Amino acid sequence: MRRSTRVKKYIQTSGEVSDFSKLPLHKKFSIPDLLYVGYGLLIVFLVLVSYVLGAFNLLPNDPQQINMDMLMAPPGTGGHLLGTDFMGRDIQSRLILGIQAYFLPGLLAIFISLSIGIVLGVLAGYRGGYAETVITYFTNLVDSFPRLVLILLVIAAFKPDIYYIMMVMGITGVPAVANAIAGKIRVLAQKNFIEAAIALGLRTRVIILKHILWYNCRALLIIQATLGMGEAILLETSLSYLGFGVQEPTPSWGNMVQSGANYFMQGNFWPSTAPALAILFTILGFNLLGDGLNNMLEGKRSR
Amino acid sequence: MAQPLLKIENLRTYFYAHSKQAFVRSVDGVSLEVGQRETVGVVGESGSGKSITAMSVMGLISGGPGVIGGSIHYASDKVQKNLLEGLENYVQLEEGNGRVLTVKKDESGWQKASEKLMAGMRGKEIAMIFQNPRASLNPYITVGEQITEAVRLHSGISAVKEARERAIHWLERVKIDSPRLRYNSYPSGMSGGMCQRAMIAMALSSEPSLLIADEPTTGLDATIQSKIVDLLQELKNETGISTLLISHDISVITRLSDRVAVLYGGAVVEYGPASQLLDAQAGFKHPYTAALLASVPNQQKIRARANLQAIEGEVPDTINTPPGCRFYARCNQITPEIRDKCAAIHPELKDVAPGHQVRCWRFIN
Amino acid sequence: MPQTKSKTILEVHQLSKHFSRKRGVLSAFNRRGGTIPAVDNVSFYLRENETMGLVGESGCGKTTVARTILRLTQPTSGRIEFDGRDITHLSDSELRPLRRDMQMIFQDLDAGLNPKMRVSDILKEAITVHERVSDAEVEIKSRLLLDQVNLKYSKLGSYSSELSGGEKRRVGIARVLAVGARLLVADEPTSALDVSIQAQVVNLLRDLQKQLGLSYLFISHDLQVVELMSHKVAVMYLGKIVEMGLTERVSGAARHPYTYILWSSLVEKHNREATQPIRVERRATWGVFDFERPARGCRFAPRCPVYEKRGRPAECTDPANEPQLRDVGGGHQVACHFPLGS
Amino acid sequence: MKSIPLRILAITLLKELGLASLLLLGVSFVVFVILYAAPGDPFSVLLEGQLPSEQALAGIRAAMGAQQSWYGQYFSWLHNVLGGNFGTSLHSGLPVAGELVKVSLNTLYLTLGSMLVTLCIAVPIALYSSMRGHAVAISWPLTMLGYVFSALPVFWLGYIAIYVSVHGFDFFPLSSSGASDGNGWLYTLVPVLVLGLGSGTISEVIRYLREEMSRVMAEDYIRTERAKGASVWRHAFKEGLLLPVSEIIAAKIPFILGGAVIVEQIFNWPGMGRMAWQAAQDRDFPVIMGIALVAAIFVRVGSLIQRIVYTAVNPQGARD
């Protein structure tokens, strides 16, 4: 047997056919997808735990205590697991507390995107006609604004408040949700699925709530929600850099990266890199969770 | 008879169902011959492996493990070779309980080797037409250009103008109205029947020795189907091309074939001259063929308003292949003497008349 | 079997459905405005316990007729009477109770079978849609339904993706029976199935009709299946019924050239030596049919061999003189200026 | 594509232009509503800025700003904007329009450049993994790398890039710091690279292109071309690459423009984003309003081009 390239091996276990629902998890889904989702769930869990810890102030060190003797200490020194920042404050505690800045605003943004997006998506996909035309116009309109520019406009007009920002973020997230749901409904309609439900005599709200949203859009909504959380974190980070995010001394990952970055040129990477890595791993988690779930729930298993 | 143009021997093409951790034995030991100037009809239901057989001949199988065994000898005036030459170097099988349990295959290695073997074959020696012609033509290019491309690839005509004239000539031969006008049509602007004609023109423009027609009439309207069958008949008489005709529609097979192979569950269950095999009155028939012929509505039944003779049970999936005869569960001709054998042992193809073979225990011994 | 004196369950009168060509806000830019007549002045009636076959080529408006009758789409004009009651303008909520009585079987095997629901849930939904039924009764009724469509009880726990094509079709039939329908509009119920399974389903539908006294509007392009199933047949061409009558008459003694061509294509496909009393002009008789703008006058004239043979008579293309259905004896109606055999 | 169907293209162009102007009208209205609702009546200040300076000096301000109804204010502003008068910057006192043209061109260079970088990286990865399947040894880490870059804060990446170029290559990549020595392109290269890699779009672009290409490769007509012996690549190109690339470019313009705000800030790039940031700091409404409009124009032009490509490739609307 030539082994010029990789040889693939296929095994029929025991010669018998196994039932899909009784297969062990690793045989039902592809290994990368399981890893993605496992990692993503771990991140979600950590974020939740951090939120609770921060909310009840159960932190390893006082996040606001300034220690001028120990500026920008490397990880592990003097009881600081992740070192200290440019004012000698404990990075680990500040990272945990930093979640507070995202959690509720992020949820608000997701809630706005999903709720408005669902209503518009269902209207556009199910009703069609003029509703669809108007909604397509609306989504195109929202998509015409670069998100950050719109936020700067709002900041200029009102004030740099995280809740205003997250509201804008929620609204700018509406088109993605609405288009995805409308698209899904169109696919279902093409398969005569909706007509069959109407012909059976089901009520419209049963068709929409049970058959469309619950059975066919739940995966999509979960994915949109996880992606939304990731976007909220990245957006706050960008705004922190621009000076409109969460203001010091309240920690957020964004303002930690930003303030730490001032010491970059001196070769002090850590105070900025620690929160940057936190952002990286968290967003990676949310994105991979979304992707993995999508592959699993939508049945994109390789044949 | 001289050497057959195409000789498929013991072809096996498997896929792997990850969700069931088992092989889909789509084609499991198919042997077929297509002689020179002969039309062989392959009839079977969905999942019988008829299309996969055709795709295996063309080397178009994607998805693993794919073709894992057998040989396909092709012998025209110009080319003689085994299209699965050297396959055994890429595949290792482990069997148990009389069936394949493990396949090790160097897929990309075989893919490369297969492409090399198929170079100069596809489109030039063996041409293929498909079901659903509108989706099978490139929607972004005009029909004429697609035929011109085929002409330039295979006919040694490189001048665009000449190739264009040739394409128009072929459009005319497949009886497309105002071929010059239609040359510039996109597939979306043509009816299904017209697209199928264009497909036929494209396939025949390189004057191949073998045409594989995979469900050429499926999905078309009855009147159009009949016209396409007429066209294939006419072109066959004019060009003398050998055809492997695949269809689930027995009436199409009846009209066009010289010999017929009936596929069931990935294997040939009956193979013989069309006149004997498709004649409902003739004896020596595989129970499946007999039941299949009986399940089609005919004038007598319509007049009598009788129920059809349905074959009970479901079309077999080729994942759960039973150890014995694959038709065992649905068969209505099992006699007590052979029941045990039917259930346990897969029968061999057996000659029941000259050139007529049946895979059934009733005809063995 | 045709029960001539039974009650009329469905009557369709001068039904038309035109699709507007407009799409999107900017359709004003589109010069070719107007509408596409998918169904044009179609009238027929269906008696109880009877089957009406509706045949024609794809795009002739068969499915639109079905969807309009079930009010899945609003007719442009005309009247639909079910059980003597005009249902053409009922609102959605008024229609819902009617859905108990009239149901549709879709061509798509998966229509109505939510892939994420088990068969038992699908049946439960259908059983409880119009009346409150206790869980125990649902269980009993589900089993009864499975018996009626010859499915094993073990299939109750399956998801529809685990079913074969024939099983899906059976569950689909059980689903419409669960509601208690008396009129079934079956749109190509067998075309997605294998030959052997097709025979099972045809037999099943026939048995159910006998047992439950159902009425069918049976739409198919498979002429033999229609012949076997139907008492009456209507042949549609580009949105119009061109011939209608008892099945034996339409198939055996067709008066409209189109009907004749349809049935002779069947004969041709079967016999190696085709017999052709009318020489059908092969070259011109097939091609794209412009569904959006049917020919003026008789719609079939451009493909019609009789039209050619008679030297293209003017009345066939006279826009003011479109042939109307007229009786040629025995309830056999044909819309042609020069019907065959006269 | 022998003959490009000019008539159909012209119709599409007209349609899309009409749609784009409708959308831009909507954009202007949204901007108006935000400013109108804002505290401190910034809109009157804006209107004032649109007046010729003598009139403003003559104290007509009170006379017109206070009395007009809201829609009167909107239309008066819109009328001036359509005439190219975006008002005067509150900060610098200069007319906004002139500044905008200069600055938006700079941003355009940055945006297009970074998009090119994104595509140069994403297209080969996407093609490779769609041809060879997802689990190929090389494509998996590359895809992962795409995810990583998308998850990093772009300005942190910018700092790293500055640090590397200062310490590794010994030059300071801020565009304002002297670009006159013939190596000017070097100064533009770093920001373009940073934005191209870090704008958060790269993994999505890879995924989208890969999925589209895989989908097209499974189409019936590609099978026909293989059976015909023709080049699969030639036939898959239009639907598998050209259309998705044009779609993703059009869809990602807003994201890249957003990223440009940050990158311009880091590298001192004199573009729209920097100007927007400055304006937001100063609450300089006329400027930020103008920028929002110009950004929306960019987005609409992008989708206009995409529609035209689509029509040119697919003149009959064969596939929707």
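Order as written gives the chain letters A, B, C and D; numbering starts at 1 within each chain.
Heads up, the rule we're going with is that a contact is a pair of C-beta atoms (placed from the backbone, for glycine too) under 8 Å apart; a residue touches a chain by one contact, two chains touch by 3 or more.
Keep in mind the model is a prediction, meaning the values are calculated, not measured.
> What chains touch chain A and also chain B?
C, D
> Going by the touch criterion at the top, tell me which pair is linked by more C-beta contacts: A-C or B-C.
B-C
> Compute the distance, rounded to whole Å, between the mean C-alpha positions of chain C and chain D.
For chain C versus chain D, the centre distance works out to 52 Å.
> So the centre of each chain is just the mean of its C-alpha atoms; given that, what is the distance between chain A and chain C in Å?
49
> Roughly how many whole angstrom separate the Cα centroids of chain B and chain C?
One centre to the other, that is 32 Å.
> Starting from the mean Cα coordinates of chain A and chain D, work out the distance between those two points in Å.
From the centre of chain A to the centre of chain D is 23 Å.
> For chain D, give me the residues that contact two or more of the other chains.
If we look for residues of chain D contacting two or more partner chains, we find 19.
> Which residues belonging to chain C are in contact with no fewer than two other chains?
In chain C, 25 touch at least two other chains.
> Where in chain B do residues touch two or more of the other chains?
108, 189 - these are the residues of chain B that touch more than one other chain.
> Please name which positions on chain B make contact with chain C in the complex.
Interface residues on chain B, with respect to chain C: 45-46, 175, 177, 189-194, 221-227, 229-230, 248, 250-252, 254-255, 291-292, 295-298, 301-302, 305, 307-312, 314-315, 317.
> Going by the contact rule set out above, which residues of chain A touch chain D in the complex?
Residues in contact with chain D: 6, 30, 32, 137, 140-141, 143-150, 152-158, 230, 234, 237-238, 241-244, 254, 257-258, 261, 264-265, 272-273, 276, 279-281, 283-284, 287-288, 291, 302.
> Which residues of chain D touch chain A once you look at their complex with the stated criterion?
Of all residues in chain D, those touching chain A are 19, 22-24, 26-27, 30-31, 34-35, 37-39, 42, 133-135, 137, 140, 147-148, 150-156, 159, 162-163, 166, 200, 203, 207, 253-255, 257-259, 261-262, 265, 273, 276-277, 279-281, 283-285, 288-289, 291-292, 295-296, 299-300.
> Which residues, counting only chain A, touch chain B once they are in their complex?
1-13, 15-20, 23, 27-28, 301-303
> Applying the document's contact rule, which stretches of chain B touch chain A when the two form their complex?
14-23, 63-65, 89-90, 92, 96-97, 99-109, 319-320
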